[in-house]
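Here come two complexes built around chain A, the first alongside chain B, the second alongside chain C.
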Partner chain A sequence: MEFGPIWRAMMRNKTGAILIALQMAVTLAIMVNAITIIQERAQAMSRPSGVDEPNIFYILSIGFSENFNERLAIEEDLAALRAMPGVANAIQTNSMPLSGGGWSMSLQTEPGAGIEGTGTALYFIDEHGLDTYKLNLVAGENFSASDIEWREPADSGWPQKTIITQALAETLFPDDWRSALGSTVYINDDQPMTVTGIVERIQAAWNGWSGVERTMLVPQHTLFGSTNYVIRAEPGMRDQLMPQVEELLASNNKDRIVRRMRTMDETRERSYRDDAAMIKMLTFTVILLLLITSLGIVGLASFSVSRRTKQIGTRRALGASRSAIARYFLVENFLISAAGVVLGAGLAVGLNMLLVEAFDVDPGSLITLVPLAMLALIVIGQMAVLGPARRASNVAPAVATRTI
Partner chain B sequence: MFRYYLKLGWLSIRRNPLLSALMVAAIAVGIGASMTTITVNYTMSNNPIPHKSEQLFAVQLDNWDPNQDDPSSFEPPDQVTYTDAMALMRAKKAFRQVASNRSGLVLEPENPDERPFSVDTRNTWADFFPMFEAPFLYGSGWDEAADENMDQVVVLSQAINEQVFGGENSVGRSVRLNGMDFRVVGVLKEWLPMPKFYDVTNGPFDPTEEVFIPFTVAIEHELPRNGNTNCWKPTDGDGFEAFKASECVWIQFWAELRNEDEKREYMEFLNAYVEQQKELGRFPRPMNNRLDDVMEWMERQEVVEEDAQVMMGLSLLFLLVCLLNTIGLLLAKFMRKSGDISVRRALGARKSDLFRQHMIEAGLIGLGGGVLGVGLTLLGLKGIQSLFGDIVDNLVGMDWVMVLTAIGLAIVSALLAALYPTWQACRIMPASQLKTQ
Partner chain C sequence: MLRFENISMVYRTDSVETHALREFSLDVEEGEFVAVTGPSGSGKTTFLNIAGLLERFTAGRYLLDGKDVSALSDAETSRVRNEKIGFIFQGFNLIPDLNIYDNVDVPLRYRGFNAAERKRRIESTLETVGLSSRMKHLPSQLSGGQQQRVAIARALAGNPRFLLADEPTGNLDTQMARNIMELIQSINMSGTTIIMVTHDDALAGMAKRNVHIRDGRVSDDGSSVQLANVATA
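Here is the complex of A and B:
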């Protein structure tokens, strides 16, 4: 209807319009890419670790004196822990999912040096491991007490059995992961191990690793000098148990110290702290950005209304209705926004390509995100211009007569 | 004239307080956001030892897997094996050299009522302290003889000396670590190289270690290690001796080379060494030894976090939006003043006078935005600290350079933003405006 005259009027004074359009374009580009990163991080954070997080905590024990008999200490500690009221189960291990530090090895389905293996995280557990973590065994069987061996720090040999995760089975046996059960895999190039069980999931220690669900469980106790005890509490008992466990371990053996007692919840929080922070910062940035952009629109529209007061009065005097005046500013803003978001869509895609190229950013689903963001910005633009437009519609026709 | 224009600018700013406040706020928010991220990036890419960084070189030897998928793009490992570390230490071909690794020990206080506690430890050599210019509060580092004789000596951080000896001069006294007695030879002053360039493998923004002991002692007594260990092939046999002989890398090796000649000679020495090792069946890959000085090393090891770079990029775009905003608002403001401008033109002011006057006004707005922006930056850094926790404590300080950069950036931004509106304002034809007055 009025597009023509409004467009031509705008073209007579384009700078303001161009500035708003540019601002909206850059805003859209930032917004889309910020949301892409937010989605990527939120997706990573939502992956389950596979263990019973709410009830599990762990504590580090470090032997330091010459008299420290680690094997005896582990046996006594585990017996004491498992006997404690409120403890569902407990094990001794080398590292925890999502904790950031751990052990990895390479597995292959054929023996021999020079074969490209599959990287896998590794936890040493005993026959209580599956129950302590509450892992879901989808094939095969648990370790038995007689499978469990003792491992010295620089041992190079490996036990016969291993339980692996489904993700690892899928990588090693891409045709049919179930065929992993009973198969022989090779560690250290040529040492055979038999897969005796497959668990649904237990994550590795490093959340940023692409193979985070590729994990193998090895039936050994470790004698590495420092060790983690993992305790699963009965539901609701965790917080009550933690100080008791710390006191028990600190007092029953003076040749070691215990430190860094942590819940799995805290471990998850620490592991994803950077991502959580990134999400918060980006959300804040986007909100601030939208605020600045809309304030800019309000400012410029107000200016344009006050500059055109006389013009508006004249139009009113010639018979234009209030709504026609308000509509003028809404349509004008719509035209500017439309130009801005179309340019912005291009910028958003460009910036995305740049980020993917320069950093390891996930490209995200721009096809749905860009149109949504375009729509949102247009709505925001219309809302910002609503106030000035209403003020314009209140200009009295009499204004037209004043200074002529 | 400058003061007169300042006054005019101030009056003009006060005439539209809301519009002016909006402009100052837009600049301040843009500056706040970008300076927050710039500060974090600036600290992450800080030169931790400026006057010497070009004489300290990280040594890389490529002892890695010959079957690594793409040999041409493969970087040599960032650490060295025990075998190579010892060979290079014994050869003493550099002006100074140091092999070190991260470890953790348990310290038992003399008072039996106090519980033992663990301390971050670095196993290192005598050259470490003069080479990296560690500042001493009491005593000094140990000498080469101590390395050779495997003397049980220790250098403490100021904080540990405070905790164990109440801050007094503890040189000559004894500290019990992992059941062994060590004699204190030195206490460091507050020392926090940021980033911790000599070991970026195990956390470039970690605090400095709490105790330092001779590497040779740690090896002799098989004291625990807790830094990164990377192996590409199985060790031959069991036990610590087999581990020492393995191709596992776990030691950071640095050499101090004072000039290009020394660097060239050292490189020749490294190549000759690897050549000789190749004859023994080691180093299956093509010769690929590296010497990177401190800043090259930080770059190669990608010490600056990607997230920080992404955030900095986005926040600079954010500043751009704020500036576009300011341009629009300034344009509106100056246009509204077209009556004033016409009168001044009609009374004989030159275009250049008007240009100067309005740039000064914009500069004032920029100054306001800058000062407020510094405040917002401090707030932003606090925010980052609360989001990331103690791990970023060392990254969120704003020094004078950053404060001045913030204010300078704000003023330059405001002046840039003002260029077009001012030019427009100066172009106003006085006659057209004066007619309707």
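Here is the complex of A and C:
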């Protein structure tokens, strides 16, 4: 291989080569970090919420009349909903996973003010909650009907029992999360609650929260004027049931309005809409950069072939085969690409450190991503130069004797 | 060593057919110094291109060292060019981005010699043409005569069976042209066969044999070598 002469020749005419190498370096740096962000977002989007998303929908009920008896309405609504054909189960709650709005409290394993607690999302449910969400109970037991209390807006007390997620148990009891079962945790600094069950997972309302899987379930119905009914349909019945449920609730009680009926699928889509848009935008940016870089390589190589037609003919006359000529341009491009991607690897790591520090971005797995991106760019570069290299190899050796 | 048997070369476009060579026949023996002359458009360059395997011909047979090279593949043709033929071009055709050493190295790399062998041959041939002190210079740093000497060194480095020279002094002044011709003569005297295409009768006079081409045929062959084809024009 004639690396030496090609490199020396290139260094005597280096402006174009340097520009392409720089373009490749910048492309690699942006590509690696864009992929890191895409991976981070995609990973977040793929996390399960813990609930039976394909079959669950929910609807908001808001009482407006002075005659509105909220407790009675909830009892009647739940009875009617659970009796509907196609409804697997239903509950009343304050919020939904990934919905963007909900309650959070602080839990601690020792009573007392000044102790740093663990931020916890909170859903109020009754004994049908686990089945409605189809949560996986990994330890302990479900609430019973006698555990369920009614909560007024002004109430500051908390019931005796709670069911928590495994992630919350792991945070509160890092040595052995199973020891959370039967343990007392404290809410509002010193109000004790006993952990009577642990579920595998139910996500909080906020997908961007680092503790998105730290959730507690509280055995209470809420009397806050507005409430969500969560309905789990039998498989395949959701879309058929939704208008029927809306009609039922609307006609059951004229002292309230029902609105904002949504599926969990829609909630997930809305929750991650910005992330999905960012993934699309970054993917487009990476593809565009790769395209521009490829075109740059094609342009430089084409110009190089045109400029050196006589030289190529001379090389052919001196004994170069067609493949040797094509190889010359491939090697030349490889050297430019290699310089570009090595520089780009440094830039990629630098940019990553900057992003991690400035925007708290997950650093990602640069150790595998950077070499892969380097390899990909070199392969793309070599593919881009194939056309010009082939054109060069077709230059006739007789060009060497032409005087014009 | 080189035999053209009734070679014809026709360039075709959609509407025009140009006969560059018409049943052209010529024998060149080993050690000869043949000058090929003729007016513009007579077929000199076409003859040179075919002799140097730079172009394929339309009809006839070309024997090089007794072997028919008419149907060789591109790779085989490239190898024969590399091993048996040295080229000296009117415009020198040095690669401007490579220094003198690397320029002479070009055909040797295609030949597959190892680094030590290439170094020996490069230094030896540059010594022969009197440029061993200029190895690291770029072509642009040399005079026209010196550049042609480098081109001759490049042609000789592979120890070819014959040299094809295309107007080798066409871009040089009189003194430099004389020097180059003396060098080419000395190369011939050392045993290398030379075929030189020129339109300059004075230069042609320095060759041992003159072949004149007109309208794609040999019109005059001032040699004792028996012609396979007598000019008919």
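Heads up, the rule we're going with is that the second predicted complex is superposed on the first by the 403 of 404 C-alpha atoms of A that agree within 3 Å, B and C clash if a C-alpha of one lies under 4 Å from a C-alpha of the other, contacts with A are read in each partner's own complex, and residues count from 1 in each chain.
Throughout what follows, contacts are C-beta pairs under 8 Å (C-beta built on N, C-alpha and C of every residue); 3 or more make two chains touch, one makes a residue touch a chain.
This one's a predicted model, so the numbers in the text were calculated from it and none came from an experiment.
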Touching partner for A:R316 - first (chain B), second (chain C), both, neither: second
Partner chain(s) touched by A:A42 [first = chain B, second = chain C, both, neither]: neither
Which superposed partner A:S226 touches (first chain B, second chain C, both, neither): first
Partner chain in contact with A:V379 - chain B first, chain C second, else both or neither: neither
Touching partner for A:M278 - first (chain B), second (chain C), both, neither: first
Most chain A residues touched (candidates chain B, chain C): B
Partner chain(s) touched by A:L300 [first = chain B, second = chain C, both, neither]: first
Residues on chain A lying within both footprints (that of chain B and that of chain C): 403
Chain C-facing residues of chain A, complex: 2, 5, 8-10, 12-13, 310-311, 314-324, 396-398, 400-401, 403
Touch list for chain C against partner chain A, complex: 45, 48-49, 52-55, 74-75, 78-79, 81-83, 87, 89-91, 93, 95-99, 102, 105-107, 109-111, 138, 154, 158, 166
Parts of chain B lying in touch with chain A, wherever the complex brings them together: 19, 22, 26, 29-30, 33, 66-67, 69, 104-106, 108, 115-118, 178-179, 224, 226, 233-240, 242-243, 306-307, 309-311, 313-315, 317-318, 320-322, 324-325, 327-329, 331-332, 335-336, 383-384, 387-389, 391, 420, 424, 436
Parts of chain A lying in touch with chain B, wherever the complex brings them together: 15-16, 19-20, 22-23, 26-27, 29-30, 33-34, 37, 62, 64-66, 113-116, 152-157, 188-189, 191, 225-226, 250, 257, 259, 273-274, 276-278, 280-282, 285, 288-289, 292-293, 295-296, 299-300, 303-304, 306-307, 351, 355, 358-361, 403
